[in-house]
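Chain IDs A, B, C and D follow the sequence of writing; residue 1 opens each chain.
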Amino acid sequence: MIVVMERGATSAQVEDVVARIKLLGLAAHLSQGEERTIVGVVGSPLPPTLDGELEIHAGVEQVVRVTKKFKLAGWDFHPRKTTITVRGVEIGGDAVTIIAGPCSVESEEQTVSTARAVKAAGATMLRGGAYKPRTSPYEFRGLGRRGLEILVLAREETGLPIITEVMTPADIEEVGEFADVFQIGARNAQNYLLLEEVAKFGKPVMLKRGLSMQTEEWLLAAEYVMAQGNPEVILCERGVRTFEAATRNTLDVSSVPVVQKLSHLPVFVDPSHAAGKRDYVPALSLAGIAAGADGLMIEVHPSPDHARSDGAQSLTFAQFAELMPRIGAVAAAVGRSVPAPIAV
Amino acid sequence: MIVVMERGATSAQVEDVVARIKLLGLAAHLSQGEERTIVGVVGSPLPPTLDGELEIHAGVEQVVRVTKKFKLAGWDFHPRKTTITVRGVEIGGDAVTIIAGPCSVESEEQTVSTARAVKAAGATMLRGGAYKPRTSPYEFRGLGRRGLEILVLAREETGLPIITEVMTPADIEEVGEFADVFQIGARNAQNYLLLEEVAKFGKPVMLKRGLSMQTEEWLLAAEYVMAQGNPEVILCERGVRTFEAATRNTLDVSSVPVVQKLSHLPVFVDPSHAAGKRDYVPALSLAGIAAGADGLMIEVHPSPDHARSDGAQSLTFAQFAELMPRIGAVAAAVGRSVPAPIAV
Amino acid sequence: MIVVMERGATSAQVEDVVARIKLLGLAAHLSQGEERTIVGVVGSPLPPTLDGELEIHAGVEQVVRVTKKFKLAGWDFHPRKTTITVRGVEIGGDAVTIIAGPCSVESEEQTVSTARAVKAAGATMLRGGAYKPRTSPYEFRGLGRRGLEILVLAREETGLPIITEVMTPADIEEVGEFADVFQIGARNAQNYLLLEEVAKFGKPVMLKRGLSMQTEEWLLAAEYVMAQGNPEVILCERGVRTFEAATRNTLDVSSVPVVQKLSHLPVFVDPSHAAGKRDYVPALSLAGIAAGADGLMIEVHPSPDHARSDGAQSLTFAQFAELMPRIGAVAAAVGRSVPAPIAV
Amino acid sequence: MIVVMERGATSAQVEDVVARIKLLGLAAHLSQGEERTIVGVVGSPLPPTLDGELEIHAGVEQVVRVTKKFKLAGWDFHPRKTTITVRGVEIGGDAVTIIAGPCSVESEEQTVSTARAVKAAGATMLRGGAYKPRTSPYEFRGLGRRGLEILVLAREETGLPIITEVMTPADIEEVGEFADVFQIGARNAQNYLLLEEVAKFGKPVMLKRGLSMQTEEWLLAAEYVMAQGNPEVILCERGVRTFEAATRNTLDVSSVPVVQKLSHLPVFVDPSHAAGKRDYVPALSLAGIAAGADGLMIEVHPSPDHARSDGAQSLTFAQFAELMPRIGAVAAAVGRSVPAPIAV
């Protein structure tokens, strides 16, 4: 971190800044320029709010953070790309991973039929919500434990590993018993206590991007998981909030190369929540893969018009089956493959 | 809710929409216009996602929600403004309530001295964080239970009721034992399970606005608390995210009259988190009161430059003492009073 | 447009609304429901602000616009996709069009060498700024008329048609004399007088999306051009403003399918201004094509580190040459081609 | 400006950066720290895009701008607050200035009656649009020259100076002949050619904030006017775009103290365009004054329900008359006055 003093800063002001830095157990390195004094702050880790704290000292013009706030998620401490293997499915490798399934688990019939259909089309992992976050207390909240049991049935039928959301620390044990990958939803992306508790369970964690999160904040959220000793984090871009009204969220497809420049963690795209309307899901799926995403998470439902949640953005079996070869073609065009079908 | 069919919609398409509505246990009312058919949906409560579900039916042009998604938070079900009394301090009444105190409880000396100073200046409630949400896992996270005990000491010394944040369901019992008002932070504003669990404890809940929440979503979050039978919710505007870089967040001062038009709940302004820099706290405090806020929540610290969190936005004792009469003057100008000092 | 009256609205209130509608020369159609009266407004075109005007009448609950605000840009009045041919280069057809060139025309050598390089790599149109909008009055503003002359030299050398920005009505004659396509920049996207004057010149117009424009507003801006009798409008997505700091703007790749659903106009993607950093330009280029864009506009410079503007986001000749076959591969994967090289 | 080199940057990389700086006629000052080399850039003015240009050099970690991009608008070059006197009305002084009038000039009767009403209530300047920017080409665009003549009639009747919008360079002569203050609308806030041409006319210019402008960009726009030798710029906050749907824009009331910290220019608040609904105009007016604004610009119409534009946000004569003493009370509470009535 670098503290740039004002042109007319007094020695007393400089000393005050240096004293503050030392108070925090950090070292200060003075550099006397022609016009200004610059104070370098050395030490690790630097308190994340140190910028703001130093900025308000008298005589300080500006404070500049040179190092990133995150460590474990960055390339410096982990120079190889992270790959995660879940029941034989590799995430973050050469092949792109397509996760598909219903928004909510509604019934055994609905979930198992969807699992079979998406597997037949080439998906290698099954999604489905048993505990659902809803913006209103009067909405369907999922089947809970019964939903988890149905997911397991679908896994037994198809061999597809399952990913499902966990919303609160009290549910971690139960969800962890069934799920192969925990999903943390966008609204919990900065629920740090949940992140830490989930991390401790020891299974991979998919971390959706928060609704108005910067990529750096997203990587800091991943850091919460990794700091607990769990390196298996998958990031998932699902759109950010903008003024655009035509889509539910605005897919920030740039976040794929941005994350890949800053971090070794795999990054996925969720075209369904970004679009909010199924008409746009194919274009966003292809864009995500073209931008370099390691995978997609797509909502599919046997009868979207009768879904209990998010039907508007779910594809039918036929639409998903039609989309998969197009995804494969774009993946091939950017030098990626799609994985071989899973055998039960 | 009103479903506007396309100009050329067929009877079969209209019937399909009607069937879908009835499937959900709601009534449909047809209205045949010159150019279009309109289907009214009657029933309560309407599923919050019903708009989206109907919008994708063939032949549907647009779906319009006429009723609000929230009920208990709105004027229809509660035509009188809510007032909440906490240890003799009335919130939402004629007088504006000034809550002040440090961002984090750091020590007994720091917290008790702050409590005394803000009380002397006219504050009637004490804030202080024992459990702190931080964007990085490497930051100071508060003193925990010891912090709560210190807050109680400060209350015993000064008579000021205390408000403190609770971050996870597991802490509710402990925090509730000490606090007079629970605070739900911006990052947990849509952590619905937390909202419901906190609600059940039965103490008043201050609900900070989420970083990119619309006012309607904010009132839906309040609805989560109220739907558990706890009517004592205080809303607190603390700025939303925009492109402006000069302030930490952008105080949406309009949310004060907007909330007051839609809801009977008291609404506060937190100028400290909105500004992020103490220089702007006085102007935002006065603007909040002028706009009609029921109170303010202001960060004050004995030595902001040495605060363990958010020092940049904390006022000194002297600055707070200087601000209070200005708040009183603006309150008087808009027909509000400031409460009489609290006696121990 | 549909006016939904409040549950308890009086006949006098309904009549007042009807009177207001008739005052504007429009017809009102009453529909008496069980719970509410609904007033349909018939007439064309409806004043764009009519919603707001009716919404404030006593007794009105909500006003819903059913028809889009734009006409000429929509499919209803033009059921075939627009294609535009510029000196033999077809835009909006089966092949995707790659426009490339420097941000600013700096010298004959710089521009002609770039034109040759991008043509050799497969670009079929040349971009270059002669008049530059800058956020500060102290920046390089382009070579003006000399810049236009240099672009013409480059066209003569390579056969590539040229597109260049016009910033003010006073420059239209001069720019129009040289350019094949006018570009309207993001900051002028709602400068309606400029749009109308440019339209009248009769050459194709590329309309960049404004920094925080909704797609509907963008199409309304296109409508300004088309309403002057000029149907040759090309839309160009160049990123919108969000909180993300890692990129200059956030490319809204969803706008490609959204525009294509609403309008018959060709839509391009400008990955350079969206990214702001050349590292991200390839991923965004591929994502744009995968999402279905009709073309790309990419900044290329012989020596980006020495560019007089936007060097950070410009590709080198080698980088552009390396990118083009990857664009071709993705285009092929989504069923598009790249055009045959241009012969001089 | 400070260039922070990476930890392992080579001397060749440092020299390359230094060479680039010198190429631009600026001086470079090296500072060798323990861990990194820092290069200071000295010279004035620094090119506004220099940060980006240096950031992409090999070996550069980060570039930090220490000085502001604007000069004339800042305190350094003008240590006293700017006051502007228009036909005897002082702007930026002790008294707050209330500008009121219709959105559009619709008729002599409408405008003159409004001028009389707002003057009687205490306004000291008249607003009214003769040339109107509209988001659709099918909307009412104002009476043009006839509108300007009507404004002059109203000025003759009441003595109120007039402010009106100019939208394009071609209209400057005509508008300048009649108006006392030019208004630049939000959509033209970065139309730099217009700003420069308006500046040259020599009359005061009110510069509305753009829809998604940062305060620094806004001050850079003011710099365009001032760099032409016209120091009489008034800034006007009118709300920025956010996700909030309850108001037309989100009034960034913090921009008042932020601008006042960065600049000596007067800053106004336009509560009408920010709110979009007249119900919220009083609260925003009072908040603006409490935050320290030098004045307000409020839309008033004899019969808002029949206004040809923006009726929804216009106050009636009675509402404005009721609001003015409340504004006076808040102004007094924050140590400002309202001016004495104007005599004809």
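We take it that a contact is a pair of C-beta atoms (placed from the backbone, for glycine too) under 8 Å apart; a residue touches a chain by one contact, two chains touch by 3 or more.
What you see is a predicted model, and the numbers here were worked out from it, not measured in a lab.
Between A-C and B-C, more contacting C-beta pairs join the chains of A-C. Using CA-based centroids throughout, the chain positioned farthest away from subunit A is D. Separating the centre of subunit C from that of subunit D, both taken as means of CA atoms, is a distance of 27 Å. Look at where the CA atoms of subunit A average out and do the same for subunit C: the two points lie 31 Å apart. Taking each chain's centre as the mean of its C-alpha atoms, subunit B lies 40 Å from subunit C.
Shared contact sites, meaning residues of subunit C that touch two or more other chains, fall at 212, 241-243.
For subunit B in complex with subunit D, the residues that touch the partner chain are 212, 214-216, 240, 242-247, 250-258, 261-262, 274-275, 279-280, 283-284, 286-292, 326, 329-330, 332-334. Residue ranges on subunit A touching subunit B, taken from their complex, read 20, 23, 45, 47-49, 52-53, 55-57, 69-70, 133-140, 167-170, 187-188, 190-194, 196, 211-212, 217, 220, 223-224, 227, 241, 276-278, 304-307, 309-313.
Those residues of subunit D that touch subunit A in the shared complex are 2, 4, 29, 31, 33-36, 38, 40, 42, 61-62, 64, 66, 241-243.
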